[in-house]
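Below are two complexes that have chain A in common, paired first with chain B and then with chain C.
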Partner chain A sequence: MVMPTERRKSSTLTVESLTKVFGNHTAVDEISFQTIPGEITAFLGPSGCGKTTTLRIIAGLESPTSGSVYIDGEQVNDVPAHRRDIGLVFQDYALFPHMTVRQNIEFGLKIKGLNQQEIQERLEKSLTQVNLAGKEDRYPQQLSGGEQQRVAVARTLVTQPRVLLFDEPLSNLDAKLRESTRLELHNLQRKLGITSIYVTHDQIEAFAIADKIMLMNKGKIDQFGTPEEIYASPRTAFAADFIGTSNILETTVRSVNQGICTLALKNGQMITGFAVGKASEVSPGDHLLVMIRTQKIRMTNTKPERGQVNILPGKCLYKVFLGDSTRCLLDAEGIRLTADCESECVTNVREGDVYVSFDVSAVVPVGRG
Partner chain B sequence: MILDRLYKLYVYVMYFFILIPLIIIVGTSFTTSQYVTFPPEGFSLKWFVRVLTSYSWMFSFFLSAVIALVSMGIAILVSLPAAKALAKHRVTFLGRDVGVTLRTLFLSPIVIPMIVFGIGIAITLQTLGLYGTFPGLVIGHLIIVVPYVLRSLIVSFEGIPDSVEEAAITLGATPIKTFFKVTLPMAKSGLIAGSLFAFIWSFENVTVSIFLAVPGLTPLPIRMWGYLSEFADPSLCAVATIFIVVAFGVFLAIYRKMGKASMFAV
Partner chain C sequence: MGALTTRRAGALLLSPLLVCYAVAFIAPIVLLFITSFVVGRGYYQPGTSLTTEHYVHVFTDSFYQKVLLNTLAMGVYTTCLTLLLGYPLAYHHARASSKTKGLLTILVISPMFVSLVVRGYAWSIMLSDHGVVNNLLMWFGIINEPVRLLNTMKAVVVGMVNVMLPFMVLPISSAVESINPHIEESAYVLGAGKLYTFFKVIFPLSLPGVIAGTVMTFAITMSSFVMPALLGGPGFQVFGTIIYNRILLISNWPVGAAMAFILVAIVVLVMYFQERLLSVLTKRRRLT
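Up next is the complex of A and B:
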């Protein structure tokens, strides 16, 4: 049930050629994107990739060197942070330690000058929303990490911001709690339909919570798309390497024929892949980087019969049992490969001489070498 | 075991040496004799009565209290913006970061020998025509107490994560509102501790006051000093006892309000 006070059109956030330079370091480099109203977009990338800086610029806590931020088409560059109507949930929660839970949550409402009755209504609703009813007179120090996090979320949501920003909101929680809190956050955001940005360096978190992923590297957008797109067809070696676990191989194109391309590995062995995406534009002699996910590689003692392609003789250097899967480090005549095989399939495979095989579709071109 | 006992003994001996002068002074203030003797002879409150009904003693007492309060108040007003700027912002002058330089400069009155500073401020006030005036005394005291307030405020402000202030701003509070609703309340214990130390520091100061005091405008410690060299009767002990009670009261207030940690904050 959505209360009438909460019925509000979801906003569109647009960022145009955003750049931020600190001294001689370009933290954010010409970033442009647009979010779809009501969706969660995750800024995903390693530390120092510019995701937090971008978030802070959107919040108005940092001013861009150049470029613009628009909310619903209105440029907000010159709107100070306290008038932007953007909610921000901080990594360290940033609760006011000298205020009770109630006072923390009421803070934004009192600043907005709402009347006592409305404040009371919204307070009670948000306390129920985040499951903190009965704890409103505690101080933040008297709450667990998870509860503090929920206060931080409630304090922000209660002001009904146009855009909601999360700055690694779960990174201070332990693994179990992180998963359940993530689920709660996800449900809450869905229910309220507030356009959100979620900054994280954790790929699993980003995939689980976001509708769109903006993968960032060195201040630039590496790839923007749904989690499925980014996982299945990373467009760069960085994306392939950062998302999931994969092997990146340098190859030379030998031939491109009827949608199939033949590639030579550095050791002279030939592998075959579909000539789609980047691989459709190459011609013989070109260098091509391809990705093979570790889960797509099979390992057998005997030579597989079906199919004639993508079977490489090699050695299994060692196996690490991980439970459902077993990680195998393979050496295919000088080419190191990591494979995550189903444990059942490889329990009988001895370390030593093996055959390494993978499907044609497992070979995904990710860039020019 | 043996070490433990030796350590305890050491602690008790130290307590004894620290407390014995206080015990003698407080004890003597209740004596019936005309001279400072210990152990006191008999018990009387006549020296207290004499001090409390003496115009000049009471004038000095209130003068010192007012100087301490006024210089403490001005020190707070001066230190709040300075501490906020030094703790939370980049302070530049002609494009250079001068934060550390300013910090050292503001804290320098603690480092300079008080007697050197006393002579300097006396000469300066003379040139300004403020020598021997109430404002002159306040200026002198203000300079020596500002470092105490400033330092404890800087420490308090630095302990506040930027994100807490930013949270207030993203919730709609202007920077000014954020300062008064979030930053200042969070720095409260540092502010109170620093202020009370400033009060005591001014109230008991001799080395600077001695250069600035003139007849008719004599702070309590200076009057005590003068009295000691001329009379040295037990009324001095009574004044000292009152003095100890006031100082002790202030420290007790800090302790009650903020707990043990604050005693070491300054």
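Up next is the complex of A and C:
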């Protein structure tokens, strides 16, 4: 009897000062990072930020201009794609249209030279895993988009790759299917514990599926961390702007005192924030960019209680009811702010003169102006 | 009503062309077809009696059998060689950057800018006993005496490959171009080397282009006249040259006509099988 193939230990993927130049355009610029075995790392960023190029270099489909890729400590720069032992799921699935589902899934196994019995076992197991049993004799064109996507995943998983790469695997599915498929993918990856890279431009998708997020901008790593870290303390204005919805304000430091800094807005109004992160090494007169999440801003008709800081008089220009929340466009004496308030709290707030307030902790320094 | 007017206008616009076609193309062919059944050597006149003896003659006479075999061999060799030489070129053409592709396209179709006759004479100089090819082979010591190339099938096939290459390269290139590059890359990442990927993925997916190119090459080569006449001469005769000889030189219209229709039948048969093969291939892939 053939022993059921045990999945080996999860692999570590390391990338060291990876650079890729196309002509006079630097697509990937000195990128270095390391994944933790078994985790999903999402490459998140706008289109053209270099995330797909980085993925293609890891896959061996593109060679780096300089820098190295290591899998389990072994440098794989000169290992061609077909010997790297990795898996790749494309956005357009790229199934072999002239082969049935079975032939598509068996493709990688036959190359590995497995015996017929093991091929059969792995085929059946993977068909059950992705819920495609009974459809093995269909051609890709006879399947729905979601089913084709699952064949692409199964075809990759059966080969038991060391690292699994996803290039926007859900963006061709409709919104509802995308969410359920994302959950399935997440569960499957958790169960198998294969170190994975997930390229996406959709922050919600990245947050939902990834253990770590590598936020990229213009070929460079903008921030690398857990989704919570990146959401709560974005380190740059780009990160603050790209992740979630936020207001980015230009300020000038007036004073720094016992961990509290007082900042002047462009209209002369003062706000107060904690002197953490980028604000911990500023001195009066410095310019500082701060971020305030739209959900952290409150809007009231009456002035909030005495003693509270960060209260700005302003106008509510208009309100958009979105269900649970209401989006309010505010003008605080020349400074435009967007606020997402709980609908219940602002139903009675009229458009017109209002007070805008937020906590000291809501002011997150994200960069030097 | 609008649609009807458009359709009528369309028919009206087409009618001059249809008349030209009927008078200049279909009528002569019908006449030639009847001529192939005429008794004796003249062409059809009302009242002459008809026979199938010319067809029987072409198929049973050993001279004509030899010519038929020559023609088929020329078609098969030319098609195979053109495919072998044309496929790599087509693949590079399909996957080239748009700048290189423009240049390659011009290079591929450039032979068509030069008249067939000029190319035929050029090759006859190159391939003669003391021509460039023989001299080069002797220079390198590959042969000691000139090899007879002119007036053999070798010369004709060389000439025909030169003529047919664009007809092979362009359809294959467009078939390869329509293959999603991610499919090829998926194969690599799944562990397939270049050769395995080519034979299991690229080539099968480019088959529609390959079939179109080979059938076109075969059909045009089978009915070619200029290259066999200039490079094959009396030593290598094919249907094209014999039909010309029978009709224009010795005025044996019925035999020439019968040979012409046998040639048409062969080509039509090949095209029919191509159609069947293509429909099987596409049915397998695009069933909904």
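General observations
Following the convention adopted for this analysis, the second predicted complex is superposed on the first by the 362 of 369 C-alpha atoms of A that agree within 3 Å, B and C clash if a C-alpha of one lies under 4 Å from a C-alpha of the other, contacts with A are read in each partner's own complex, and residues count from 1 in each chain.
In this text, contacts are C-beta pairs under 8 Å (C-beta built on N, C-alpha and C of every residue); 3 or more make two chains touch, one makes a residue touch a chain.
Remember, predicted model here, so these are calculated numbers, not experimental data.
After superposition on chain A, the partners chain B and chain C are seen to clash.
In the superposition on chain A, A:Tyr139 makes contact with chain C only, while chain B stays out of contact range.
When both complexes are overlaid on chain A, the residue A:His25 reaches neither chain B nor chain C.
Residue contacts after overlaying the shared chain place A:Ala94 against chain B and chain C alike. Once the two complexes are overlaid on the shared chain, A:Thr159 sits against chain B and chain C alike. On chain A, the patch touched by chain B and the patch touched by chain C overlap at residues 59-61, 81-88, 90, 92, 94-98, 107-108, 111-112, 155-156, 159. Contacts from chain A toward chain C in the complex involve residues 59-61, 80-88, 90, 92, 94-98, 107-108, 111-112, 139, 141-142, 155-156, 159. For chain C in complex with chain A, the residues that touch the partner chain are 180, 182-183, 185-193, 196, 200-201, 204-205, 284-288.
If you check the complex, the residues on chain A that touch chain B are 59-61, 81-88, 90-92, 94-98, 107-108, 111-112, 152, 155-156, 159.
Within the complex formed with chain A, the chain B residues making contact are 161, 163-164, 166-175, 177, 181-182, 185-186, 188.
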